[in-house]
Amino acid sequence: MNLMTVELTLASLTKRYGGRKILNKLELTAAGGEIIGVFGPNGSGKSTLLRCIAGLLRPSAGDVKLRVNNADCSAPALLRSMVGYVSPELNLYPELSARENLQFFAAVTSRPSKPIPELLAHVGLGKRLDDPIGNYSSGMRQRVRLALAALHEPAILLLDEPGLALDEAGQEVVLTMIREQQKRGGIVILATNDQRERELVQRHIHVG
Amino acid sequence: MWVKETLAIAGKELRTEWRSRVALASLGLFVACSIALVALSTARIPLNGEGGKEIGSQIAAALIWIQVCFASAMGLGRAFVVESERGTMTALRLHTRATAVWAGKFIGNTLLLLGVCVITVPMTCGVLGVTVKHPFALIAVVILAAIGMGAVFTTTGALVAQTSARGGLLAALSFPVLLPAFVSGVDGTLRAIGWRLSASSAFLDTSGGILVQLLSYAVLAIAASLLLFDAIWND
Amino acid sequence: MTPVAKGALFVFTAGCLSYIFLKVPAAQGFANPDLARLVTMHLPCAYVALVAAVIAAWHGIAYLRKRDLSSDIKSYVGAKIAFLYCFLTTITGSMFAKVQWGSYWNWDPRQTAVAVLLLVYAAYFTLRASIEDPERRAALSAVYVLFASILTPMLGYVIPTFFIDQSLHPKFAKFDLSYRMAIYPMAIALTWHLVWMFRLSVRAEKVNQAIAELELTSEGGMA
């Protein structure tokens, strides 16, 4: 998708779980081309924040506002279609191969998607494209997650520990993806403890 | 577009199920066991002669739908629970529209439910020595009831998948809501088998109302699900 | 509710009950004409159960539209009251069935429908207990209460009215004036009780949640 302008605003975003406040009145404004880090110890709510931005979790109070090319995309359903989300809690169908998985998601999504062979070549899965994902190593699965996140050229790339289980070459794929998203004029939100990924971050919010 | 997405989801359901065969195997075993239990227990009831035949057809109508209900609670509710347990729910939620997911899962579930009926109905009738007087009426009753029940189990299955309770809760949530279809299904099966109907009387004259009941239940269940599923899918 | 209103409610209810016990005549044509007076309790209970069920569904819709958690509390309280009155309807109905027709339970369609509603609300409370996230709990409970509200009237209203000729319940009941004089005021009294209970429970539920939140915050503060 052609990204002219992307604006993300978090306005006093709060999430409670049974009375416990995980996120407390977070504020953030980000524009296209920015790389925002989300830092904080384990269990501090980094993933909760990313799930709220992705439209997967409804905030207890406050708003997630997204404008893409001056159109309001803040409704949860629209928000979800605008983000690429990489997270250890997101899995693909183990009975299907990497190619079949991506073909399936390309068929069900309402947005135009990139050519699948190109996506798969980009994340470097080699010759095992047609094996069921259930037989993959965890690093290879992470590469398929990265390919899925790039499927429909998202306005926001939400990366939750993207380097997890990846080898040197795999981590390079992540860094390239972040730089490309920045070049396209999209936003990257990165929750990580990896030093090399942190170096790309321009500014960060602290949770917990 | 919506139809294409729906069919893609239904196709994915059938393909993943065919490759793993988890639901198919457990449902098949469940149906086999329940029919064996029906055969074993009813062998102790004398069902010969005219009076016996009548009792046999009454028992058959009840047992068919009890078996179908429990088989569905075990097999169909899994459609969404599996997605949530394996973490594929997140990927699905990010890329699909709510109503297309519901419709795709509904198609998969209803086909599975009809598969259960195709085995359970004739086998139970056979075991109990029931001759069906209006086979087409029976087929209509089974199809309409399966559509209504498939819709209910798809929606309650999606509800349960978002909770921490899962298994036991599905039956508790579904059965009270299912009861209208269950009652009409038993009534319709009784009439189609020919209980208290002379062989000559047409099914539709005496029992067409039951088909209307089943049809309106199915339509209501589908409409209510499509209306409410957005809220399940967005939270 | 002010003390005066509470007093008025007490006097009104007592008046209704006195009228039922002292003035309503025995109904001829029943196996036990004296105990036919039970119907003056049974009918208002069923009516209040219906009102409470509508309240639960109404606030369910309100939650899904506005996403305000206080709607969720109202829907929950409505369901609790509906459960209570479904229970009372079942009890009074069973007593009536026993003295008039000799059996507590007859699987009459309306009887079955009330039993099903009891099961629906029991399932609803279990559903609530199994979801931790308050926003998700509110949305999913609203969905279930609405789903059940759309589908269970099939059993209690549509089938008995349009498809079944023989039922223990009259399709369109015709009561004598003396019975109507008991049933309508009793229904008003019970509705008044419903309003009182509803407002009290909503307040109590809100206080409970505020306390839970305070406790958790102070724990967090000490850690």
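Order of writing sets the chain letters: A, B and C. Residues in each chain are counted from 1.
FYI, a contact is a pair of C-beta atoms (placed from the backbone, for glycine too) under 8 Å apart; a residue touches a chain by one contact, two chains touch by 3 or more.
All values derive from a computational prediction rather than experimental measurement.
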item	value
Pairwise touch network: line, ring, star, complete, or other	complete
Closest chain to global C-alpha mean, per-chain Cα centroids	B
Chain B and chain C: spacing of chain centres that average the CA atoms, whole Å	31
Chain A-chain C separation of Cα centroids, rounded to whole Å	47
Averaged-CA centre spacing for the pair chain B and chain A, given as whole angstrom	39
Multi-partner residues of chain A (each touching 2 or more other chains)	58
Sites on chain C at which at least two other chains make contact	132, 135-136, 139
Shared-contact residues (touching 2 or more other chains) in chain B	234-235
Partner chain B, residues of chain C touching it in the complex	64, 112, 116-117, 119-120, 122-123, 126-127, 129-132, 135-136, 139-140, 142-144, 146-148, 150-152, 154-155, 158-159, 162-163
Complex contacts: residues of chain A adjacent to chain B	54-56, 58, 76-77, 80-81, 83, 85, 87, 89-96, 100, 104-105, 107-110, 132, 148, 151-152
Contacting residues of chain B [partner chain C, same complex]	152, 155-156, 159, 162-165, 169, 172-173, 175-177, 179-180, 183-184, 209-210, 212-213, 216-217, 220-221, 223-225, 228, 231-232, 234-235
Residues of chain B that touch chain A when the two form their complex	1, 4-5, 8-9, 12, 15-16, 19-20, 86-88, 90-98, 100, 230, 234-235
Of chain C, residues touching chain A in the complex	67, 132-136, 139, 209, 212-213, 215-217, 220
